[in-house]
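Two complexes follow with chain A in common, the first pairing it with chain B and the second with chain C.
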Partner chain A sequence: MKRSAAINALMVACGAFFVTLVGLPFWWVVSGSVKVPQEIIARTPTMFPHSFTLQHYTKLFDGSAYPDYLLNSLIVAVSSTVLTLVLAIPAAFAFFRLDFPGRSALYRTILLAYAFPSIVVLIPLFGLFAKIGLVDRLPALVIVNAAFALPFSIWMLRSFFAGVPKEIEEAAVMDGASTMTILRRIMIPLVAPGIASVGIYAFVSAWTEYVFTSVLILSDAKRTLPVGFSGIIGQYQIDWGLLLAGATVAIVPVVAIFALIGRGFVSGLTEGAVK
Partner chain B sequence: MQQTRALALVLVAPALLFLAAILGWPLVQAVILSLQDVRVIGGPADYLGWDNYQRVLSSGAFWDSTRLSVIWVIGNALLQTVLALAVALVLNEKFPGVRIARSWIILTWIVPTVVVVIIWRWLLSTSGGMINPLLVQAGIVERPVGFFSTPWTAFATLIFINSWRWFPFIALMMLAGLNRIPDDLYEAARIDGANSWQRFKRITWPLLAPTLGVLAVIGTLLSFNVFDIIWLLTSGGPAGGTRTLPVLIYETAFKGYRLSEAATMSVLATLMLMAFAIVATRTLDRSDRQ
Partner chain C sequence: MAQLAVENFRKSFGPVNVIRGVSLEAESGEFVVFVGPSGCGKSTLLRLIAGLETVDSGTVSIGGRDVTKADPARRGIAMVFQTYALYPHMNVADNMGFGLEMAGIAKDERTRLVREAADLLHLTDYLDRKPRQLSGGQRQRVAIGRAIVRKPDIFLFDEPLSNLDAELRVKMRLEIARLHKELGATMVYVTHDQVEAMTLADKIVVLRSGVVEQIGSPMELYSNPDNSFVAGFIGSPRMNFVQATVTGQRDDQLLLDVPEFALSGLPVRPRAMPSSRPASLMLGIRPEHLAEGIAGSHRVSLRCNAVERLGAVTYLHTAPGEDSTVTAQLAGSSSARTGDVVEVNLASERCFLFDQDGARV
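And then the complex of A and B:
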């Protein structure tokens, strides 16, 4: 494919612009977190740190409840991911493969979940959780996160199942495999990238959830990172070093997971979602 | 056959029951709540009928927030579509590093909102920060701008920040739409002597339009619901200038303790979104068939 030099230059310029638009703010935050306070609020900002200190990180981990928030967030995000997958995989397979009355109507109803403002269920859910003693407990968050991730997860997984060549399944049926065996031994391994994508989606949703946590969790020690950390913003006379360090640490887990299995996520999102 | 049905039921039932209990039933409860007068969760409930609806529909605050929400949705849709389309077109080309760019462009979307909030509060801050010194140095402004100090600049800034967070996600969806356009079409057009602009106008745009339509519907529903970014940056201020409907509902319920009124607002908001979704999908279906 041949392109004129002008188009090429334009592409590179556009690419550079977007890399800057997304990357530069992150660079400023991460690099800012190791600057000494005077440099952080200096009138002429520095692109690369002229100083190096870990004092903000020390303060974050020794002088605030941040480690608790981090741990709570990890517990909630991992549990939400597991619950979402356990519920979504069989449901998506049934919606894709098995014929049962009301299948397409139910499938559409599930997707309706995104057509109403999530805040509408917050008030009644608080009442429900209060009745069964789940208010101010982490399982409440796991339940809510899984519920909100579930419709999109089923939708995304179903299209991954649809991408498996029919011949493979037919061969298994010929060999006398039951539907459950096909699901366990053939479909699940084949759609592993799809499961990884849905897992990332569920993890990220739980990792970033704010509204429900802010209402359902009352005690400081049980807060997740988004809610607990936003409390720190107001709690101190704005201490930018501390906030930048906290922001950097909050980025690490999602970036790590994404680096490990992220490529599948993006292709899953793009190829799966539009089918 | 009988067996398949039983199996299907076993596989689907857990997910369906779960959704019914956590999303479906509370939705019904919200409607019931909107017809009552409840202030404290679990407190006494007097049946009111349509009184809450009358009160909300005749309140200025509700319509102010509705108007802001409409502007919010349109502003986000425009900015995100422009940015995302540009990114998608660039990432659809082959150049060194494009694979890495395709994965990591989504960075803004996978970090918690609170991180996005800190990033932009700091970058836009009047003491320290990065943007203001740059603007002053470049001679664009004389003194640091307080981006969050007037209603309109705060609202515009929030639209920018929210779009910054979401445009990569939309871009990846568009990229999928672009991937489905067969290469042969471009080859044929090139042989016929079409230039890049003609190829974009005659091939890319018409074939991408259905994807854009679907994304517009999904994006509208998603951005209508945005709450945390607004709440954490401005809490609806200054002077209510950024108090979109979700913010108003949250305030009414959890700051004002008028639960029934909040439920009423959220039911009305749901009806608006449903109406939009139905009209939009109908329109898309119709243009698909043409």
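And then the complex of A and C:
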């Protein structure tokens, strides 16, 4: 297909616009984190740092509770992701493969979890966790994060399962594989891109979760990054350098997980299987 | 005792009756082909035998054992799918060995069996490759290999060659015939291609709308079809059907007027002389028996509206694309051109008669 120069130019312009829209704030945060304080608050902002310092990072790791927040966030996000996957994969496969009464009704119902804004369930949830002694403990956050990531994850994984050609499963049935073996040995490897997507989704939503953490966690030492870090913004003054350095470090795990798991987003994994 | 016996199979999907009372048998070592047009239920029948679908009623037994309710893996069968259905994340050796692994066979034995099958199928050099690194023909051979290693009592093939190009299809067809001979296994094969059916089968089962139309050897179906559907389906190009009026009877032959061929008093022997003489019948004659240079007492003039030259023979069509077209076989060197009127011989002893419902008379 031949495209005219005008269409090409328009597409390049659109691409450039979105790259700028997403990339510029990132650049601002990352470049700002290595500027000396005077340059950060200079009247004329500088696109490229004229100074270079790691003083904000030193302060971040030596002079604040940031390392604790970071560790808490990592524990919560990784555990939430693992729990979400451990529950979502068999659940999605069950919705896809098993015939049980009320399957389609239940399948639709699970999305109701998103019908309520989190603020609505916050108070009852607090009461519930208080009763079972989970308030101010990280497992409470893992449970909440997984519960909110699950419905979407199940929906998404189910459609990935449905994308696997039926004959592959039937071939495994003919080969004598049990349902669980089919799931473990055949289906999970084939829906790896879907599992990667769900994993990233669960990780990022747990990593950025604010509302529940701000209420369910009481002690400073157990706060996660978003909540703990918001304390850095004082009422009368903001340490911009510290804030930017903290934001930069907070981005790193998300970028890393995209780089690592993102490899799972290989399209055409079933290529060569059928036809 | 029959190796495979299907008794009065019935299956419907919702309101659609796909299989409507099918019974058939296959002897040990026999090559049985299910053939019929798309939607005739042949693949469903195979899947019912495999156990991938459950029957509404009827039984299937393999080697004398009733397996109607048995799991697919416990029926002693292996299936080759039209789409190969290889496990894309496993290499060829693992694809072929997976069924053995599931059967709990030790790794060394598994490796040996896979190697044996790979030798048979010329796949030894590809055992480490993933399916996506193989050509279509190689993938199909892996799919067949996966079936072979399990040493099943019965092989089921579901249109295994329909995804291959014409040249490869012929090659694989010969390879499957060779395998059948070497393994001596019972094979059940589904195809819509009557050439595949004719060349591979010991026994052909012709299906239409979920019902068996006729079961027999390829030559039986070719030379003694039960009805016009079987007559038209078996043989290529397909049989010509023209209307004929019955004018009389001489000994065991009916005398017919055939306006299409401008013949009158054409004597044709019915399968059995009908008790009451029908007024009109359908006359069936294959192109190779309405041909140039064959012995035949009757001359027929046909207007040539399309010519197909295949090299060895040439086909003449009177009304190409229409149901009423008549196809005749001319010599390969024939100089007939569109618009010519060509004279051919008709072998009246090779004519078939059908009533208006298509049943053989």
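Keep this in mind: the second predicted complex is superposed on the first by the 260 of 275 C-alpha atoms of A that agree within 3 Å, B and C clash if a C-alpha of one lies under 4 Å from a C-alpha of the other, contacts with A are read in each partner's own complex, and residues count from 1 in each chain.
To be clear about the criterion, contacts are C-beta pairs under 8 Å (C-beta built on N, C-alpha and C of every residue); 3 or more make two chains touch, one makes a residue touch a chain.
Note that the structure is a prediction, hence the values are computed from the model and not measured.
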{"item": "Which superposed partner A:L243 touches (first chain B, second chain C, both, neither)", "value": "first"}
{"item": "Touched partner set for A:A171, first chain B, second chain C, both or neither", "value": "second"}
{"item": "First, second, both or neither for A:V254, with chain B first and chain C second", "value": "first"}
{"item": "Which superposed partner A:G32 touches (first chain B, second chain C, both, neither)", "value": "first"}
{"item": "Partner chain(s) touched by A:R184 [first = chain B, second = chain C, both, neither]", "value": "neither"}
{"item": "Which of chain B and chain C A:H50 touches, first, second, both or neither", "value": "neither"}
{"item": "Chain B and chain C contact sites that coincide on chain A, given as residue numbers", "value": "269-271, 273-274"}
{"item": "Residues of chain C that touch chain A when the two form their complex", "value": "50, 52, 71-74, 77-79, 81-89, 98-99, 102-103, 130-134, 136, 139, 146, 150, 163"}
{"item": "Residue numbers on chain A that touch chain B, as the complex places them", "value": "1, 7-8, 11-12, 14-15, 18-19, 21-23, 25-26, 28-29, 32, 40-45, 86-88, 90-91, 93-95, 98-101, 103, 106, 110, 113-128, 130-131, 143-144, 146-148, 150-151, 154, 179-180, 200, 204, 207-208, 210-211, 215, 225-226, 229-230, 233, 240, 243-244, 246-247, 250-251, 254-255, 258, 262-263, 265-266, 269-271, 273-274"}
{"item": "Chain A residues touching chain C - in the complex, by the definition given at the top", "value": "165, 167-168, 170-177, 181, 185-186, 189-190, 269-275"}
{"item": "Residues of chain B that touch chain A when the two form their complex", "value": "4-5, 7-12, 14-16, 18-19, 22-23, 25-27, 29-30, 33, 41-42, 86-87, 90, 93-95, 97-99, 101-115, 117-123, 125, 127-130, 133-134, 164, 168, 172-173, 175-177, 179-180, 196, 211, 214, 218, 221-222, 224-225, 227-228, 231-232, 245-246, 249-250, 253-254, 259, 262-263, 266-267, 269-270, 273-274, 277"}
